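Next, two complexes with chain A in common: one pairs it with chain B, the other with chain C.
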Partner chain A sequence: MEPPPAAAPPAPPSANVFRRNAVAIGFLAPAAILLGVWIVYPTVFTIVRSFFGPQGFGDFKGIDNYKAIFTTHLLLTAIKNSAIWIAVAPAVVTAIGLIFAVLTERIRWAVAFKTVVFMPMAISLFATGVIWHVMYIKDPGQGAVNAGIGAVKSWFTSAGVLQDGAPSTPTITGSVAKGFVLQKPLAAGGVAELGLTGIPPDAVPAAAKQAVVPQTKPGAIEGVVWRDFSPGGGKAGKVENQELGLPGVSLALYDSSGKKVQSAKSNDDGTFAFDGVSGSGYKVGVASSTFAAPYGGVSWLGSKLITPAIIIAYIWVWAGFAMVVIGAGLAAISRDVLEAARTDGASEWQVFRRVTVPLLAPVLSVVFITMLINVLKVFDVVISIAPGSTQSDAAVIAVQMWRQSFGGVNNFGLGSAIAVFLFVLVVPVLMLNIRRFRREV
Partner chain B sequence: MAAYEAEAPIVVRDPADAPAARIGRFAAKLPLQILLLFIGVLWLMPALGLFLTSLLSPENFNANGWWKVLAHPHLATWANYSNVWNNTDIPHALVLTAEIAIGGTALPIVIAASAGYAFAWIDFPGRDWLFVLVIALLVVPLQMALIPIFTLYNHLSLFDTVFGLILFHTAFGLPFAIFLLRNFFIGIPKDILESARIDGASEIRIFLRLILPLGLPAIASLAIFQFLWTWNDLLVALVMARNTQPITVSIFSQLRQFGSNIDIIAPASFMSLIIPLCVFFAFQRYFVQGLLAGSVK
Partner chain C sequence: MKRHRLALFALVAVSVLAVAACGSSSKKSSSTGTNGSATTGSSNVSGKISIVGVWTGDEQKHFQAVLNGFKAKYPKVKVTYRSTGDNTPTVLSTAVQGGNPPDLASVSQPGLVTDFQKKGALKPMDFARSTVLANYPADIEKLGEIGGHLYGLIIKAANKSTVWYNVKSYTDAGVKAPSTWDQFIKDAGTLKASGSPAYSIGGADGWTLTDLFENIYLRQAGPAKYDQLSKHTIKWTDPSVVTALKTMGQVLGDSSNIAGGTSGALQTDFPTSVSNVFSAKPKAAQVIEGDFVPGVVASSNPLKPVSGYNVFPFPAIGSSGSNVVEGGGDELMMFRDTPAIRALVSYLATGEAQTIWAKLGGYSAPAKTVPASAYPDAITRTTATAIGKAKTFRFDLSDLQPASFGGTVGQGEFKIFQDFLKTPSNATGIAQSLESAAAKAYASGK
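Our next item is the complex of A and B:
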């Protein structure tokens, strides 16, 4: 007996509204319960808990926990580290993202490049920590970062052939750090005999041969540098049987004023020669570069560099995010605007600086703010790169929140206060988000 | 218009496309190409380093840099992997991680989709205020919930359970999920919904038959995000579980002996990241879309 729709009296609005509200509640209830129990209630609980001590709610402490945040050495270190993170990471990530986004616009294989740079986004920050822990190993033979630095360094300076050594006779003076000089003045045609001791047998270069004293030669100063020690002891200052020449030693010729005029390298039998010499008053010495220590690697995971090292790993992950978001913003900029600027004679740099960046400003600020929030909560990458003794040096606020609450001390009062501190830092962003939404509606 | 643009180069030969001009442009771009190639290699290197390290026996690891494997492939061995697979609890941890990640992805999507629909298309009092609350919750740090939920879980016997971890991830995934889906649903043309309502379809029916299928792209983006987020979590599992260890926690417990355990840590870490990496490569498009919707919007 349903009446035809047209003739139906309109349902009382109250019933209709009631029904609609009931449906809305049905759709919203699961989310409301989860958000209420897992986020809203804990937020209130944590704020209240932060005013009580480790024993629980019987142990009212007022603002002592907050005072502790700013007076405890460990926590101050964490705040200082977080400040470094906040000052460096968001800005660098945004800048790198912008540079990559602009540069990839000009190449044909942009998709491949973007995929590679974006890929770390899928890798957990924890695994990122493991990855960079391997990269940062101090020994340049194992850690790729130090191997790279060592390779670049070796273009400019190379490690010496010897680690250590001492003069065998008092006629030679100096030190490993400054080099040695034979004090006997020489004239053209002279021969210098530079005996060194204090060199362990396994430190002698493998190519070494029996040392030989060269024949005198007019117009040249010649000489020999050798390991002045034979199994029986031998006589100091004299080249004897079974005494090996030292190959690859850097030698220097100084004139009477002490100025270096020539340099040479010794042969396998320890001999060397400075040709084209005339006059007298020369001195010959072993250059200190002979004893230059090989590159030992930077201690990235030591207490000094640990925070910059972790920030680099973090940038490796997030640069792709910034690049993709900024790239999308870039694609939305009208080509005509850029072309117009170019036609007007603007250089590429001027176009970038005066047109592209201002037009991208909203996108850049979104990326920057997103990174700011992420950086405040950074945790995994810190404890996985610095799991051991340097963790206190590397710790940020979120790490100390975990350590104080669950790391053995289990001071829930202090832990809550640190969490609230973290929360207060994101409140401005929270307000910003709400303002933006209310403007949209 | 688009078709016209596509045809133009065939009809009119642009003088700028002459071979000489093309070579000139290529040469001009060469420094840039080399720079970007260098950066690309630099960016690949750390992950490659972990993979090659995972192939070195402990003796070879101590004697060589991982890059030596590139020149001497015979140094590589799968022995570490078979050892990790057969002799450690890593496979079990992987199964647990998968359970947590799948549960922690499916549940928030279902819940957020229904809430997102209500926020987008049902007119109820206080709707905007509630949505502002959701936006506010978007940035609440996880750390605010650790202590109360840890206490609560101990009372409810949810501590150290897969279900407890799933619920935590669900709750903290919800604000972003609701935000993303609501914004997507609101873009669905009004006519489609209105006509369905006039036809007498119930809200549930509209939701299941209309909104969900139309919202699939957004749901796909969200699913990838949530999956990566739960799979990669360390902190929540570290606090809310003791024996129910997902892969990250399982490896974390080995980290203190980094040097001596590298033959376990490296392959286990690589195993932990290969699945999210596959998901990422398979659904990269949705991932990027979600990223843009979530941040630019």
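Our next item is the complex of A and C:
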């Protein structure tokens, strides 16, 4: 502040005081009015409103709305989720920011790296949510995350001739993952009929021909595996006209102890044969390697994974911010101190742990507290990532505040109570921040 | 330092509280504007009429064509239509409160008609009752009645009792559009055996599930029970509800017969559930939703109507018969009473007026006097004529519930029916959850 100009002419003291006050009031008025209209009035209104029910001010409810916050299942879920957010997100964002900041000091292309990491900050949080929602879709044909996992998985699994299938009669048991077994015991000279359904017509290999039941042959077990379906359903378990054999199916012969003794592949008409068999008690099965069930995808948006999934998206956005702020703090650290430590024989880890981190502590706490306040208010990523079916599993306090008032329920009393509750939660963090401001000045 | 504290508090207070502050829910009713002197008019009516409504774009153009038909009959009446789109409820509430409502308004929310009627803002349309009854199925006329007087008139109807299917999937499986529920379920098994899941369910949007339940309940328990349930005069734990849930479980319980399985369906939003079926490589054979289904994929639909995709009415359950429709519609309400307005309302209720609109497409007439030949294509003919033929017509039940129970994402009916999709064997438990949520919503009085 500059000292007041000394050239002011002396005036009668009372008039002077009045004039000075008038000027002060004149300057304060716009700020005071804005504060009054935008902060004081809404705050008071919200607090008062929180004691009334959905019908308005005629509907006094006392502290019922506050009780509801802690007794309603939906709102308790929101509180639990907010607790998870607070415990995880700020710490992880700060840690990742620190790691990135230290790394960018040491790598080439640091500017490019920083730009890429910082880029998400340029996207609105709602758009981020929409992008991640699409990436998290369960169907690997649509969701990028599951498509990636599926691509990696496909390197380790061999492709089968069929994608899916189900037994046509209860005499066949098993699943696509374990393979199917015809429970009817067979002796040499027997014929196994393995009917499968649930196979789309265009998934049948192109070489397939009309299925044929083979003639019995002594000293062998023969059989047929075919798509046991004709339009309208057909007769289950019976080879009919227009029903195609399934070529290339891997079949296994098990002896009476359940041990696999032979394997075979089916022909174009679905027939197969196990030769050189004697005795009885054999069973025939379709090996699971026949099926390459497409990868179904992880249910990222399901009720179990939804909160971690949203937190990951949130970290993706804010890690860049943390990195830039911490990076600035890092640049301000005197190189001499680091050099001195290294000269004294400290390892790089010791330098980081004992010198860099303590010197960065004020910056780290700024980032951490900023994130804490941010996380308490998190709203848009949750709304935009969680599908309708898991909105209530993913909801945090701010989301329920909106949902209970504007988002359909129209219970502004409860919404106000949640707003006040959220405000109370933010207060300790604010105090912390204010104390830190004081210390700095 | 004081200033810092203040500024910080200020900032947070704004972000936390400003939103909640607008939540005043007290609304005063007010006078309803001038009363037109209602002289008995004859052929020589004149005057000006203003209409506000939800129809925009093509719908607005088509409605204008209907109004032109009116102008030909009453050349001295000047009618102006203004579209307010989705904002219509807000616009109307403000206009009514300000004492300057339009003469007529069309809305899609039946609750609004009741609201305005309670505030005394509406004029009864009893003068048109005979015209309406001559043209409409009795059930649709009744939807507009409040306390024995006609306050709402459905002008544009919607049919939610339809099932849409991929014709190729049906041909591959060798099944035809079923007319009974048992056949429908049997065909679903055949579809699965053919290699195509039968159902595509948009379970991420809870309302697709409530629609399915309501269709089943209306047919199985009958319209009388449906009305009681919609007013919550019987409980959701009523045996009829549990039976309907078990019937619904026949669809939801067969996870391998649902595109993406149950967990996939929970993450499928409604548009995706439609494109799952309306595709050259369908992920499922059929989707159960209303007459708006093809519109969802209008720009990306690779299939042709009738040969590529087709529709059949929701199958009959038990002895329900086939002329049962669950639906909705845009209701007309009247704020002023003049001979000119009366003439227009009576005109709009006729099959003659609605035929004009039907011919232009994208429209289902509530009037049974609109001939099937008026509709431009076979699909609309199926979905629209079902409304006029309906012996039983009921509004979407969840739309008649308090918003916290019937219309909020993540809670109430939407959430509980999604839980049902997750655990379809738990019909009794779901009925109990529905009842406790409904009881709570009704108790809080909204």
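Here is the rule we use: the second predicted complex is superposed on the first by the 259 of 441 C-alpha atoms of A that agree within 3 Å, B and C clash if a C-alpha of one lies under 4 Å from a C-alpha of the other, contacts with A are read in each partner's own complex, and residues count from 1 in each chain.
By definition in this document, a residue touches a chain if its C-beta (ideal position, glycine included) is under 8 Å from a C-beta of that chain, and two chains touch if they have at least 3 such contacts.
Please read all numbers here as calculations on a predicted model, not as lab measurements.
Colleague: Taking the superposition as given, does A:290 touch the first partner, chain B, the second, chain C, both, or neither?
Modeller: A:290: touches no partner chain.
Colleague: Output check: A:266 vs chain B and chain C. Expected answer is one of first, second, both, neither. What do you get?
Modeller: Touch status of A:266: no partner.
Colleague: For A:168, decide between first (touching chain B), second (touching chain C), both and neither.
Modeller: So A:168 only meets chain C here.
Colleague: Just to be sure I read the superposition right, which of the two partners does A:117 touch: chain B = first, chain C = second, or both, or neither?
Modeller: first
Colleague: Counting only touches as set out at the top, which of chain B and chain C does A:422 meet: first, second, both, neither?
Modeller: Both: A:422 reaches chain B and chain C.
Colleague: Tell me which partner A:395 touches in the superposition: chain B (first), chain C (second), both or neither.
Modeller: A:395: touches chain C, not chain B.
Colleague: Counting only touches as set out at the top, which of chain B and chain C does A:65 meet: first, second, both, neither?
Modeller: In the superposed model, A:65 contacts neither chain B nor chain C.
Colleague: Pick one for A:299: touches chain B only (first), chain C only (second), both, or neither.
Modeller: In the superposed model, A:299 contacts chain C only, not chain B.
Colleague: Touching A:356 in the superposition: chain B (first), chain C (second), both, neither?
Modeller: Once the two structures are laid over each other on A, A:356 reaches no partner at all.
Colleague: State whether chain B or chain C is in contact with more residues of chain A in the superposed arrangement.
Modeller: The partner that reaches more residues of chain A in the superposed model: B.
Colleague: Show me the chain A residues, by the header's touch rule, that chain B contacts in one structure and chain C contacts in the other.
Modeller: 35, 38-39, 41-43, 45-46, 49, 373, 377, 387-388, 401-402, 405-406, 412, 415-416, 419-420, 422-423, 426, 430, 433-434, 437-438, 441
Colleague: Using the touch definition from the top, list the residues of chain B that touch chain A in their complex.
Modeller: Residues in contact with chain A: 29, 32-33, 35-36, 39-40, 43-47, 49-50, 53, 61-62, 64-67, 111-112, 114-115, 117-118, 122-125, 127-128, 130-132, 134-150, 152, 167-168, 170-172, 174-175, 178, 203, 207, 228, 231-235, 238-239, 248, 251-252, 255-256, 258, 262, 265-266, 269, 272-273, 276-277, 279-281, 284, 287-288, 291-292, 295-296.
Colleague: Spell out the residues on chain A that touch chain C in their complex, using ranges where they run on.
Modeller: So the residues of chain A in touch with chain C come to 35, 38-39, 41-43, 45-46, 49, 53-58, 74, 137-139, 164, 166, 168, 197-201, 203, 228-233, 296, 299, 301-302, 373, 377, 387-392, 395, 401-403, 405-412, 415-416, 419-420, 422-423, 426, 430, 433-434, 437-438, 441.
Colleague: Spell out the residues on chain C that touch chain A in their complex, using ranges where they run on.
Modeller: 1, 4-5, 8-10, 12-21, 23-26, 171-175, 189-190, 192-196, 203-206, 256, 260-261, 263-264, 266-267, 269, 403-404, 407-411, 414-415, 418, 421, 444-446
Colleague: Name, in rising order, each residue of chain A that touches chain B in their complex.
Modeller: 20-21, 23-25, 27-28, 30-32, 34-35, 37-43, 45-46, 49, 100, 103-104, 106-107, 112-113, 115-127, 130-135, 141-144, 147, 313, 316, 321, 324-325, 328-329, 363, 366-367, 370, 373, 376-377, 379-380, 383-384, 387-388, 398, 401-402, 405-406, 412, 415-416, 418-420, 422-423, 426, 429-430, 433-434, 437-438, 441
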